[in-house]
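Below: the structure, in structure tokens.
Going by the order they are written in, the chains are A, B, C, D, E and F; count residues from 1 in each one.
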Amino acid sequence: MTIYDDEIFKMACDQFQVIADYLNIDPNDREWATYPKRAVAVTLPVHMDDGSTKAFQGYRVQHHIALGPTKGGTRFALSLSMGETAALAMWMSWKCALANLPYGGAKGGVAVDPTRLSHTELEAVSRRYMQEMIPFVGPHTDIMGPDMGTNEQIMAWFMDTYSVYMGYAVNEIVTGKPVAIGGTEGRREATGRGVVYLVERAMNMLKIDPEKCTAIVQGFGNVGSVTALSFAYKSGVKVVGIGDHTATIYNPKGIDVKAAEQHVLKKGNLRAFAQGDHVNPNEFLTLPCDVLVPAAVDRVIHGRNAGQLKCRILAESKACKASFGPNRK
Amino acid sequence: MTIYDDEIFKMACDQFQVIADYLNIDPNDREWATYPKRAVAVTLPVHMDDGSTKAFQGYRVQHHIALGPTKGGTRFALSLSMGETAALAMWMSWKCALANLPYGGAKGGVAVDPTRLSHTELEAVSRRYMQEMIPFVGPHTDIMGPDMGTNEQIMAWFMDTYSVYMGYAVNEIVTGKPVAIGGTEGRREATGRGVVYLVERAMNMLKIDPEKCTAIVQGFGNVGSVTALSFAYKSGVKVVGIGDHTATIYNPKGIDVKAAEQHVLKKGNLRAFAQGDHVNPNEFLTLPCDVLVPAAVDRVIHGRNAGQLKCRILAESKACKASFGPNRK
Amino acid sequence: MTIYDDEIFKMACDQFQVIADYLNIDPNDREWATYPKRAVAVTLPVHMDDGSTKAFQGYRVQHHIALGPTKGGTRFALSLSMGETAALAMWMSWKCALANLPYGGAKGGVAVDPTRLSHTELEAVSRRYMQEMIPFVGPHTDIMGPDMGTNEQIMAWFMDTYSVYMGYAVNEIVTGKPVAIGGTEGRREATGRGVVYLVERAMNMLKIDPEKCTAIVQGFGNVGSVTALSFAYKSGVKVVGIGDHTATIYNPKGIDVKAAEQHVLKKGNLRAFAQGDHVNPNEFLTLPCDVLVPAAVDRVIHGRNAGQLKCRILAESKACKASFGPNRK
Amino acid sequence: MTIYDDEIFKMACDQFQVIADYLNIDPNDREWATYPKRAVAVTLPVHMDDGSTKAFQGYRVQHHIALGPTKGGTRFALSLSMGETAALAMWMSWKCALANLPYGGAKGGVAVDPTRLSHTELEAVSRRYMQEMIPFVGPHTDIMGPDMGTNEQIMAWFMDTYSVYMGYAVNEIVTGKPVAIGGTEGRREATGRGVVYLVERAMNMLKIDPEKCTAIVQGFGNVGSVTALSFAYKSGVKVVGIGDHTATIYNPKGIDVKAAEQHVLKKGNLRAFAQGDHVNPNEFLTLPCDVLVPAAVDRVIHGRNAGQLKCRILAESKACKASFGPNRK
Amino acid sequence: MTIYDDEIFKMACDQFQVIADYLNIDPNDREWATYPKRAVAVTLPVHMDDGSTKAFQGYRVQHHIALGPTKGGTRFALSLSMGETAALAMWMSWKCALANLPYGGAKGGVAVDPTRLSHTELEAVSRRYMQEMIPFVGPHTDIMGPDMGTNEQIMAWFMDTYSVYMGYAVNEIVTGKPVAIGGTEGRREATGRGVVYLVERAMNMLKIDPEKCTAIVQGFGNVGSVTALSFAYKSGVKVVGIGDHTATIYNPKGIDVKAAEQHVLKKGNLRAFAQGDHVNPNEFLTLPCDVLVPAAVDRVIHGRNAGQLKCRILAESKACKASFGPNRK
Amino acid sequence: MTIYDDEIFKMACDQFQVIADYLNIDPNDREWATYPKRAVAVTLPVHMDDGSTKAFQGYRVQHHIALGPTKGGTRFALSLSMGETAALAMWMSWKCALANLPYGGAKGGVAVDPTRLSHTELEAVSRRYMQEMIPFVGPHTDIMGPDMGTNEQIMAWFMDTYSVYMGYAVNEIVTGKPVAIGGTEGRREATGRGVVYLVERAMNMLKIDPEKCTAIVQGFGNVGSVTALSFAYKSGVKVVGIGDHTATIYNPKGIDVKAAEQHVLKKGNLRAFAQGDHVNPNEFLTLPCDVLVPAAVDRVIHGRNAGQLKCRILAESKACKASFGPNRK
């Protein structure tokens, strides 16, 4: 029994076995190639606004360091386990390798629900987490980034905590930081744009005319909203379905995506957005469309609905739910 | 759910709550005081003698660093878990605090059965474990020592691996190393002598004459054999029972402990030692004696036999089974 | 014009010239021997309890490092200037040299009135000061200690801030810390006992019988109270005068010093202490006595009162007003 | 009272208040934003050629480190004070911010008249200054450059002293070093060219034809001479006035600037340069011209002469008097 | 007598004197400019496959560090001496200087015949050599590369050994490593291509038509084979002679160089290559040709054969015999 | 051929073989046990008083680091070679091992005749040597001390050069430094006293009465003079012969050793010392005496005179000629 034993890590290992068989990887090289090089757990005592002290568990997993530093996001989620963190780190290794980047994969996070923390508490958790990580990370060893439950502000706190320690500004320690302190322009839109770029390539290969296509996009965060906007105003694809965790809207005549974006900026979600029919979320993915983009949570397509999909192009995207509620400043 | 969740860690936390109630420790200070400051897990790929590669899991837990470096042993045991390691580290903190030593507690180890490794494999596991630990330990941060399944030789490998990295001999990095490279003389006998020292103090308080006493000592390793020898040849106590995992021997006329020691040095255990009756191990602890010393494994006295003990002084000792079999050189 | 140009630094330089003439020190070696090796000023932005942000100036001067690390106290005083800090550092060098200790002198502090800070603000100022000092101090370079306006608690904050940075407990970074985290026992009483030890040696040289002597002690802090108590209960000297900044009391029949100590522990000062006459503070030092100990502030004996002193032994002591009021926890 | 209290620092703070009001900066953020993060003063004992030892005062101020390393020149001037150094550092911060460079501002120097030092003494002062600065500077923390009274040679000494310490050549530690050891080509001409570039843009906006313009350039060092040459031979502007501290020359028919340059290379200054009338320096700036470039010392335009200027374009340039006399090798 | 005193170092010093006279270098600057800044010798105990332990001598010489890190290859050759290593390091300095690269020269190696080591022994020697070099090398101090007797695999071992020490992948520590871990594409062919590039420039200057030329290339390793192939298939030069240490072949009608390359890939050398006459190696260089490229070992042209050369262009190339036999994996 | 190949290193290796045979050391462990772990050679360019620049060769050999730091003296001698340095380092290892000290042996030095250097030149050579050694030495790696041709002053320069680099006083870096900066009292006399202590033990074993003995002491430096004085005024042995490189004096009635000491302090040597006969130095060692102490140079007793010695006790001492002439300040 190891500290990684849970369902999600097992799933990642099973995926590895399939590919390893396909690539004829020596069985002797499989065990150490799945288990991470190194995992760290830290206890984070934090003074809460109500005067109590809570102790959160923070994690960081570095999958391998053969090619250069490790690199990977930081997830703040109540259910976060070491096994999930290890699986995410391994997947990060694979992504870097496929893109031929000289990095190993890493991942980390805190088992905390960030939506239940005040702004002050969130800063305290974030800074203490980075402080405990100082011996394990660095521009040459392990670089952090945002992931579910973390955002630009948290990256700025990470960078500041690390920089105070080093005695000078070290903006190489995190990706996903605000542009003002060295962040990359266009980062927020990058995933959505990538989805559209690949869908366009698929259309080209399949000889499909974008102007005659319809699309359904599930999710309306950083990824889904940019995808839908790019479909509508750049590719010329008619967006017939959009949705978030509050509403799933279908309109075969096409949805005014800019209006939806404005609505969400004002109201926070799509619940009251009136352009189209609010349909049953369980049936949303199987409605007629040429392109289907699930950009909300993972594992929404499975044995029970796969056969019913109507789309010609299925473009799964990585949903990185970077935003959260009350403590957003 | 944390990486520490198992029975032995829960037991340690429960012990803490009892004392914390007694000492009126603020409930806000209890959670972070039980969970360790920091825990590290590493994967150790090792080339085995048969040409295969195995990946072992290694652990290190540092409980708190408020007073100085942490300090604690290294356990090689197949069943070793992170929870057990964390419990052992916390107990180490308590021991240091009670002895007023400026250390926090630590503990580490590898989930491996050292008796199934060849000498070469054992060296490989030991050196790789220390190599992965280099970023986390040091004379000012965390000092290792032997524990169950490790011995002087392994401490020497640890020291050498660390010293090669530093570029000079660092003998402060481990305790329990051979005297020739800076180890402490008398360390092997220290626990047994401590047991006898405390038994003598108890006898003095109880106005018991050692020369009229009898003793049973369970276990004949570093602790039990030294205890029995000291009883017999220093305190003048008559040793009427000795035992190891192969034999439990009782002789109300007294046992020639030096002969037993010679026997074990030659044969490896007490199985064929003929001075006295070989009795049922389950009844051994409840045989008549003035002093009873359980020095083999933990949790041998429990609700089912506590009422049947005949001894006047019960001296529980910490058994540190430092020796093991085939790979001993 | 340098950053040290003020009256107190000039006084120290003048003292140096007198001795340098006496010792025939080469004129070429005098300038660099008075100016400090190195001085650092830092700005300390602190969030105050009322929501405002104030920026305090912090200083540290290291006089010379020829023999080993520098060493010296930390003063929190509104009037603190760089010149005063430099003078105090130079005096510290001389003290170390006279005691043949392998240290150079240092001194530091913050231009702040600690009595006007809340406990929270005081911690914030103290921790920020140490944080800014991290590049300049260390067990091998410069060791801090308490001085006027700082105390054990502040030293503990200094040590913790430095230790968090280093990643392990570094209690060598400050002297004067609480005994529980490595402080020296007897430190509080050391100066007062030293005064009495030297007065007794002087009495011995002058063939004076302590039991027939009277003493006046100005100041009733760490130094004055211990001095008065030691006179009364160890040397047998009759204490006829004590005083603090609230009251100066004279009683030719002798004062019950233990009663005075109890009074101060309860009330905070001597204002209402009734054993003896409350006399004019300006005349206090010139009242009849055999031994006079000024242990309050410096420069109380000068051209205008020197000729009127009645004492046979004048024992100037260094008054280190380590305690202060409302923020004391 | 702080170590920065002098007129020039006060002027910089006043400038800041004007802008801060304009930008609505929170009053709480103003105090710490003007006072420097950190200032260091060091004493530099130097053996002089006449056998004596002098102790010079060296300074370095780092204004803020929020965005990256600090950066700024080194001034050797007898009158240099800590306040002036702090003002220059703050101005450097503003310049970097306006140019959107990821640097904070710094400035340093030695209170010494470099023209009165021999070449040997100048090297000794320079090397000792850098040696004392080693703990405070570095490619990631603070980068030095030349300023008034320092030049390429001094930067080379700084680089060598720092590199010997590090054990390898660190040419990132200084800007303004000789091209042969990694300096930037074109650096000497950069300021003058920048002046001309901006004047040309102004002419373009004002619809002025350069070929019909006249210019007066005050100063004939790195900045002034390059400015005048560029006007004459690149922009086609007729240069009617040039001057240095020895002569101010006016010729409404135009001056042969290349001849002036050759003259200065041979004679060291313009004193005997015969092309034009040698006019009263006090009236020089108010002579008729289209473009006026003060490139000598600061604060030459003030309430008493501002109303009399005849120019249409006033291009103030930063004069960096990098050259000096007898010790120039 | 120094540790460098042998013939090859003396030759390099003599070369330096010739040039130094030509450049009028101050005699005072000549001695230190020839002797290396620093030389290190280490003893490398290695367990051999037959159970014995051998102790090899390893060297590293760093010629000067004035401009940046040193840089240079690693030679494994039984006859390697410190003097030869120093000469090679000095030549490396000259090469870097001529190419205007900010490096000093270095060279190192082990006195071992790599063709007599098994793959395991070669790895052991290589890793131990790098381990002993760790205090002396680094991306900022000294960078290694391959040379005679070493290859890509050895560079990979060097990089791995260094990276394990640093805790992260440091591919800047060696040049000449495999492309997969950061090596430069085209490195193997670079020298041969450079030879041809220069020969083509010479032909152009001499108005020679390549298509009407013949060439003889001595050596058929990395340099010779690439040179011959480029002549034949890129420049259009007819290759009439090729050779290695097993055969020298001449064919005035031209040799099929691709066939020769295939032959060597299969057989390991040219011994049995049948296209042309196998001629006396001593006469090979003096056979008729327009271009002669000695690309095997050094010092093949000397007083006894210089007068007999028939070529119009003599293109000496650096032969880097990077390949070797039985332990090649 | 290695850099150590000379007669003295060969002699040390031969000595090792004799003992290794005696101790049955595995032949596989002999080669690496004689060759040093590491040797460094550096070139020291020094500006001489006459304006020229000379380049001296400096060496340092570290024999083994298995037990702790290495330790050993620094020799300034024109004939110094790397082989001699390596032999001395190995002997130092043996000495430490015999005394059970946790050190390996080291030795270093410069190939220079210190008696031909001015005080300024000697300081320059010494400081440059230490500066080049900084990467290789340290309190945990290698500690220097004096040896032939070096003295307290040179150790002080070493310590200062190293301390400036570290930024604080590091007196652990050298032994044999002046007492004022942390040197050990009694060090100068230690060798001579050790000789006498051992001679007294030998006398005791041989039942010889010191008061009836005569002694001849060759050499009158730190070792010889202290030996002779201790014989005469502590043991009661009659000293009948003393000598230095200027005179060898024999007086069967006994020599007034204190007078000789005074004579040398005044005149610098024994040349004109008149108490006794000035005898032929070649015959000096074979004159009649009970105890013979050769304390000048090594290898004075050999096959040609061994048979002629008259002494009963032959006490060879290590002569450390620490003093030298004109540059002594």
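To be clear about the criterion, a contact is a pair of C-beta atoms (placed from the backbone, for glycine too) under 8 Å apart; a residue touches a chain by one contact, two chains touch by 3 or more.
Owing to the predicted nature of the structure, the values given are computational and were not obtained by experimental measurement.
Centre-to-centre separation of subunit A and subunit D, using mean CA positions: 50 Å.
Each chain gets one centre point, the mean of its Cα atoms, and the points for subunit C and subunit D are 46 Å apart.
Taking the mean of the C-alpha atoms as each chain's centre, subunit A and subunit F sit 71 Å apart.
Multi-chain contact residues, meaning those touching two or more other chains, occur in subunit B at positions 135, 167.
Taken as a contact graph, with one node per protein chain and an edge wherever two chains touch, the assembly fits none of the named shapes, being neither a line, a ring, a star nor a complete graph.
Chain pairs that touch one another are A-B, A-C, A-D, A-E, B-C, B-E, B-F, C-D, C-F, D-E, D-F, E-F. By the touch rule above, subunit A contacts subunit C in their complex via residues 131, 134-135, 164-165, 167.
Subunit A makes touch with subunit E in their complex at residues 65-69, 102, 140-141. Those residues of subunit D whose C-beta lies close enough to touch subunit E in the complex are 163, 166-171, 181-182. On subunit E, the positions that touch subunit F within their shared complex are 1-3, 28-29, 31-32, 35-43, 45, 52-55, 57, 81-82, 111, 132, 135-136.
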